[in-house]
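Two complexes, one shared chain (subunit A), two partners (subunit B, subunit C).
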Partner chain A sequence: MTGIMSSRTTVIIGVVGLIAVIGLTFVLEPFRNYQLATIAAYLCAVAGLTMLTGVNGQLSLGHAALMACGAYCYAFTANGLAEQEIEGPVLLIVPIIAAVVGATVLGLVIGLAAARLHGPYLAGVTLAFVIALPAVTSRFSDVFGGDQGLWITVERRPEFLAGRGGTEMFQAWVAIACAAVVVVLLRNLMRSNFGRQMRAVRDNEVAAALAGINVARTKVIAFTVSSAAAGIGGAVMAFMTQSASPGAFNLFISLFLLMAAVIGGIGTLYGALWGSILLVVLPDVIGSITRGLSLSPEVAQRLDGNLAVGLFGAVMVLVVIVAPFGIQGLVRKAGHQIRSRGSLQSAPHPK
Partner chain B sequence: MTPHDTGPAGAPPRLALRDITVRFGGLTALESVSVTVPAGSVVGIMGPNGAGKTTLFNVVCGVYKPTSGSVEIDGRAVRPRTHNLTGLGISRSLQGLGLFGGQSVLDNVVAGLQVETKHSFFEELLALPRATRSEREKKERAMATLASLGIDAYAAALPDTLPYAIRKKVSIARALVSKPSLLLLDEPAGGLGHEEIEELATLIRSIPGNGCSVVLVEHHVDLVMSVCDSIAVLDFGKLIAQGTPAEVSANPAVTEAYLGVDAA
Partner chain C sequence: MTLRRNRALAIVGAASVFALAACSTNGGGGAAEDVPGVTEDTVTIGTHQPLTGPAAAGFASISAATSAYFDYINDNGGINGRQIEFIVKDDGYNPANTQTVVRELVLEDDVFAILGGLGTPTHSAVLDFLNENEVPDLFVSGGSPTWDQPEEYPWTFGYNSEYTSEAAILANYAQEEFPDGTYCMFGQDDDFGDDFEAGLLEILGDDGLAASERYSVANQDVTAQISALKAAGCDVVFLASINGFTALAVGTAAQLGLFPQWMSSSSGGDYGTLETDYLQENAPLLLENFISTFYLSLETNENDPWVEHFQMVQDEYNGGGELGGNEIFGMNMAYMFAEALAAAGENPTRESLVEAVESGAVDGTGIVPLGYSPEDHTGNLGVRLSQVKSGVQAYFGDTYIYQDGEVSVYDGGAVPFENEGIPTAE
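This part shows the complex of A and B:
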C-alpha cells in the first residue's frame, strides 16, 4: 500500500516539478537558462550512472566517453542532415536518436566485457575508454576534427519563440524534455522486476543466479541502458554548445558524474538530480565568491577551476563520512522526522 | 505425512544422479556417486566435512560440470545451468543465508519468482500494464508464502535487522515461492537453536505434501534421521551407505566414517 502511495506522490512531484522548471525558463536570464540546460544534460548521464553503480553495483569511470560517443553521433547526423538542407524538428530529433543508438552500441560492447569484471577491474577498463578518447580523435582527426572537435549545425529555436525568449530558453526546453524522458524510463526500470534483478545481482550474484536471474545478461543490459542515458546527455551537450570535442568529455567529467551520483545519494534518481544541480551551481558560487575577494590576478588564475575540483573532493569526503546516503538520504531523514512529529502513531514495526 | 503418495508406481524419480564423478585437477571430489530422489520423498545427504556433499549439490545446480556421469530430472537427462534451475522446477537454499541485504524481506522472496516473468524488458521500461500487474501478482504470492511460514509481519524489514532464525525462514521462503518440484536445502539447520530445529523439521516434513521432493545436505544428524525417507552417506567423495535412517545408522561403515573407529 505504501508502494502505491509513494508512487502517486512521486508522479505528482515529478509533474509539478516539470511544470515549475519550464515556467522558470520564462523568467530566467539567458545565462541561467543555459545553466539549467546544463543541469538537465548532466542529469541524463548521472541518472544512468547512479542506476548502474548504485542499483547494479557496476562502477564505471567511462561515462564521459559514452557522452562523447553520443555527442559525436549527434554531430555526424546533424551535419549530415544539414548538408541535405533538412531543417525543423527532424534536425533535432534524428540526431538525438542517433546519439542514443551510438551510445547503446558502444555501451553493449563495453557491457559485454564488464559482465566478466568486478569493481576496480571494471573501473579500469572503462577508464581506458576515457583516456583513449583524445588519442582516437586526433588519430582520426579528419573524421573527429582532432582536438578542436566538430562544429555542429543545430536546429534553431522555432519562429514562434523569437519574441519571448532567447536561444537559451529553447535549449533549456530540449534539455529538460530529454532529461524528463530519461528519468521516467529509468524510474520505471528501477521499480520493475528488472530493478529487482539488478539489486539482487549487486547484493549476491550466486543467490541471484539460483533465484533464476541471468547475472551476465542483467549486467550487460544495465550497462547498455546506462550508456544510452549518457549518450542522450552527450547529445544535449552537443546541441547546446554546437560542438563536440574530446576536451568537453575528459576524465574530470567522468569523475564529476560519479561524484554527483555519490554526493546526491547513490542509487536514487532524486540524488542524481541534487548531484547534477551541484555540478553546475557549485563552480558558479565559488567563482562569484573568489571574484568578490579581490585576489591578485595570479592567485585568481590558479584558483580558477581548480578550487571547484578541490571543493568537490572535500564535499565528497564529507558526504561519505557524515551522510553515506548523500543529499537524498538527508532529505529523506528530514521528511521522516517531520512526518513522525505530525502523527503520534508512527511506529511501523510492532516488534 | 505420507511421503510416497505422489506419482504413479514406476514413474521415473524426480532426480537421479548416475555415476557422478567430479575431479578438480588431481583431486577426486566425487567418485561414481549415484543417488535417486523419488517424487515426493525427502532424501538426506550426510557425511563428514569435505565428503563432497556440497559438491554434489553444485553438480545438480550446474555450478560444476561433472567429469563423468549424468543428471536426470523426471527420467530426462539434463545439463543444468544455474539461472535456469527454477525453470526445471528446482530451488536451492544456500549454505549460510544468501539473502539480498539491500532489499526488503518481501523483495527477497519475490526475487524467487523470476521464472514467472512473462513480460518483456520494454514493457518494464514503459511500465505497461502487463508488467505492473505481474509485479503485483508476484508480491501477493510472496506474501502468501511468507504467511504460510508465519513471517509475513516482517515483509517490509531488511533481512539484516532480523533474528537469524527468521532470516533462515526467508531464504527457505524464497526457495519455496516458485512452488518447485525439487527443493535442495544446503545446511538449513546451521546456526539454529534446538527448538528452531524442531520447527524446521516440521516444516521439511510438510513440504512433500505439496508434491515436492526434498534433498537435504545437513550436519545435524538428528534432524536428518528424523525427517528423511532415505539417506545417502558420503565419505571422501564415495558413497559408503544408502538406505532408510535405521539401516544407515546400523551400518558400521557410517560409524567408522563419523567416529574414525576401525570397524575391522
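This part shows the complex of A and C:
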C-alpha cells in the first residue's frame, strides 16, 4: 500500500508537515507548545514500538523502562557536563546521544533474551523491567535519587527567545527535531530490505528462516532500534521536565504507548502520530469538558485523571472491534473512497 | 494526476495550519490584563495536591478545607473587593504529574500565584519553573529547607516547620525524657528523610542513631525496614513519614512485636487522619503515647477561638464533620494567603504580593512565629509537642523554636483572633 503512494508525495507531505508544525509553535500558547513537545516525545517512543510490534510482531510492555533508561542517561550526562561548566549545543546534543547509546545497550540485552521468546512470554519479561524500575531507583537511591528522581541541568533557551513562552517554544523545537529524525530513520528502515525481513519474520518465522532470513538477528536488531527510539523519547521528556524520576515512566506509560500504537494504527508511522496526539489531547479535552459540566467538586475530583484512562480503554476496545487498522486505517479508507470516485481506473484494494 | 493531488495536499496542509493558528490565538485567557490571574473582581490562584495515589488518603482533605475557607471569605465580601478563585489540580504525589499540572496552571489557567503546593519531592520538580516564570510560590506544604533560599528562589516561601527543626526539637525532648534510649529512625527515601535525619544528628551527634531505615512511596511493604529496627533494639523511633506510611510502620511494628516510643514529624503525625483514613478502631491502642509535633491549633485545644472559628467554617462550607489537623492546616493556609493579598494593595501585582509576605504582614493563626522577611523565607519557626492519650491527641509542655542550631523555648503566645477571621489591610 505504502509502496503505491509515490516516494515524492510522502517527502512533500513530510516537509510541508514539518514546516507547518514549526510554524505552529510561533502562534500557539506556551502550554500548547509544551503539549506539542510532549506529543513529539511520545511519537519517538510510539514510532519505535509500532515498528517493533506492528512490523516485527514482538510485543513489548517495557518501553517505559527503556524511556527511563534514556532519561537517566540524559540526566547523568547533562549533569556531568554542567559540572564541567560546558554549555551550548554540546549540553543539548551530547546527552541525547548518551540516551540513545544507553537505551540501545539495554535494548540489545533485552532483545537478545527477546529473540528466544514469543508473544505473552516476551510481554512478561519486558513488563518485569517496568515493574522493577521503582525498586531499582530506590535501592540505589544515591545514584538515581529514589522516588524523587534526578534534577537535570539542561541547556536553556537561546537569548532571542527570552520572555514568556520562549522556553516552551524552544522545548517544542528540540522535541520536533528529535521526532523528525526518528520518524525519517524508521521510515527508511521499514521500507528497506530489512523492513521486508521484519515482516517476513512477523508473518511466519519458519518460512522466513527457509527464505534465508536470520530470524534471531532480525528480531534482536528490531528490538534494539525500537529501544533507541524509546531512549530518544525519554531524553526529550527529561529535557522538557528537567527531571528523571521513576514515576514519569511507570506501567501506565508503557500501556499508553501500546494503546497509542494500536489506536493510531499498528505498524504505520502515521498511526504512531495519531496515537501520540491522542495521548496528549484526549485527557486535556476530557478535562475541559468535565470542567464545563459544573459537576460537584467531589465527582469532578473522582473523574479527574480516571475518566481519561477509562475512555482510552473504551476507545481501544472499539478500535479493535470496529477499525482494526486504527485511525490511520480509517484515514486510508476515506482517502481511497475519495480517490476512486475521482478516477475511472480505480484499482481494487491490494491485500 | 499525482501532481494535482500534491498541490491539493499542500493547500489542505497550509489551510489547516492557519485554521489551527486562528483557533489557538483566541483560546488564551486574560488577554489585555497586566497581572495574570487578577481581574476587577477576582483573583485566581492554583495548587497541586495528591487527590489520588499513595498520599491521597492522608492529604486530600487539605485543599478541600482551603477551598472552604476561601468560600467563607468570598461570602463575606472577599479581599479588597475581589473574590478568590482556587483551582486544585491532582498530581497523585508523582513529580512527573506535578510538572504537567503546574505548567497548566501557570501557562494556561494564568494563575496569579501557586498556594500550598503539597509535597517535597513533587514541589521540587517545579521550583525552577515557577521562579523562572516569576510566579509567587507561597507556603509550600513540605518542611524542606529548599524553600528557604531567597537569593536563588526569591518567589518561593515555606510553610511547614522545617523537618530539621522538628527533628531537632524531638531529639532534644527525647534526650531529656529517655536519656538511655536506643534511638532509631524510619523515614521517606528523599529529601524529607534526609533533612529530618540531619536535624536528629545535629542534636544526637553523628553516631546518635542505632538504625536508620528508609521506605519508598511506591512500595507498600515495610516489613524489612521494621524488622531491621527491631533487630537493632530500638526503643525510640523517630518517624519522617507521610500519614500512610506512619500507619504502615506502626501497624507492621505491632505485628512484629515492636512497641517503641514513636516520635513523628507533623507531616505524618495527625491522629485524626491516622485514625479515620488508616488504622480505624485499632488507632487508640496502636498510637497510645504516640508523640508528634505541630505548629497550628490542635482541634483538642480548649477555649481556642481559632478552633471554634474553623469548626464553624467546617460546618457551613466543608460539609460538616469533625475538624482535624488537615482541615486546620488547610484553613490556616487560606487565611495566610488572604493576609498577604490584603496587604498587597488595592491593585495587587505578583511583586507586591511577595513584598507583602516579606514585610511581615502575614501572621497566620498558629502558635509559633513565622520567619518571613526579605532574607528569610522559612514558614513556622518551631513546634510544640503533642501526645496521644486514650485516643486524644493534645499538646503538652512548652513551645519550642529552633534557630542557628539551638532549641529554645518560645513564650510569645498564639496569634489573637480578630475580625471574624477575615484579614484586612492594616
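General remarks:
Keep in mind that, in the parts below, the second predicted complex is superposed on the first by the 338 of 351 C-alpha atoms of A that agree within 3 Å, B and C clash if a C-alpha of one lies under 4 Å from a C-alpha of the other, contacts with A are read in each partner's own complex, and residues count from 1 in each chain.
In this section, a residue touches a chain if its C-beta (ideal position, glycine included) is under 8 Å from a C-beta of that chain, and two chains touch if they have at least 3 such contacts.
Keep in mind that this is a model prediction, so the values were computed, not measured.
Greater residue coverage of subunit A by touch, when subunit B is weighed against subunit C, goes to C. When the shared chain is aligned, no partner comes close enough to touch A:Ile338: not subunit B, not subunit C. Shared-chain residue A:Val322: touches no atom of subunit B or subunit C. Shared-chain residue A:Val16: touches subunit C; no touch with subunit B. Legend: residue contacts after superposition of the two complexes on their common chain; A:Gln242 is shown touching subunit C, with no touch to subunit B.
In the superposed model, A:Gly212 makes contact with subunit B only, not with subunit C.
In the superposed model, A:Pro30 makes contact with subunit C only, not with subunit B.
Touch criterion not met for A:Leu293: it reaches neither subunit B nor subunit C.
Once both structures are placed on chain A, no subunit A residue is touched by subunit B and, in the other complex, by subunit C.
Contact residues on subunit A toward subunit B in their complex (touch as defined above): 2, 185, 188-189, 191-194, 196-197, 199-200, 202-204, 206-215, 221, 348-351.
Remark: subunit C residues 1-2, 5-6, 9-10, 13-14, 16-17, 20-21, 24-25, 27-28, 51-52, 60, 64, 67, 88, 90, 92, 94-97, 99, 103-104, 107-108, 120-121, 124-125, 128-129, 132-133, 189-191, 214, 216-219 touch subunit A in the complex. Residue ranges on subunit B touching subunit A, taken from their complex, read 61, 82-87, 91-92, 94, 98-103, 107, 110-112, 114-115, 117, 119, 121, 124-127, 131, 134-135, 138, 153, 156-157, 174, 178.
Remark: subunit A residues 6, 8-9, 12-13, 16-17, 20, 23-24, 27-32, 34, 134-135, 138, 141, 145-149, 151, 164-165, 167-168, 241-243, 245-249, 297, 301, 304-306, 343 touch subunit C in the complex.
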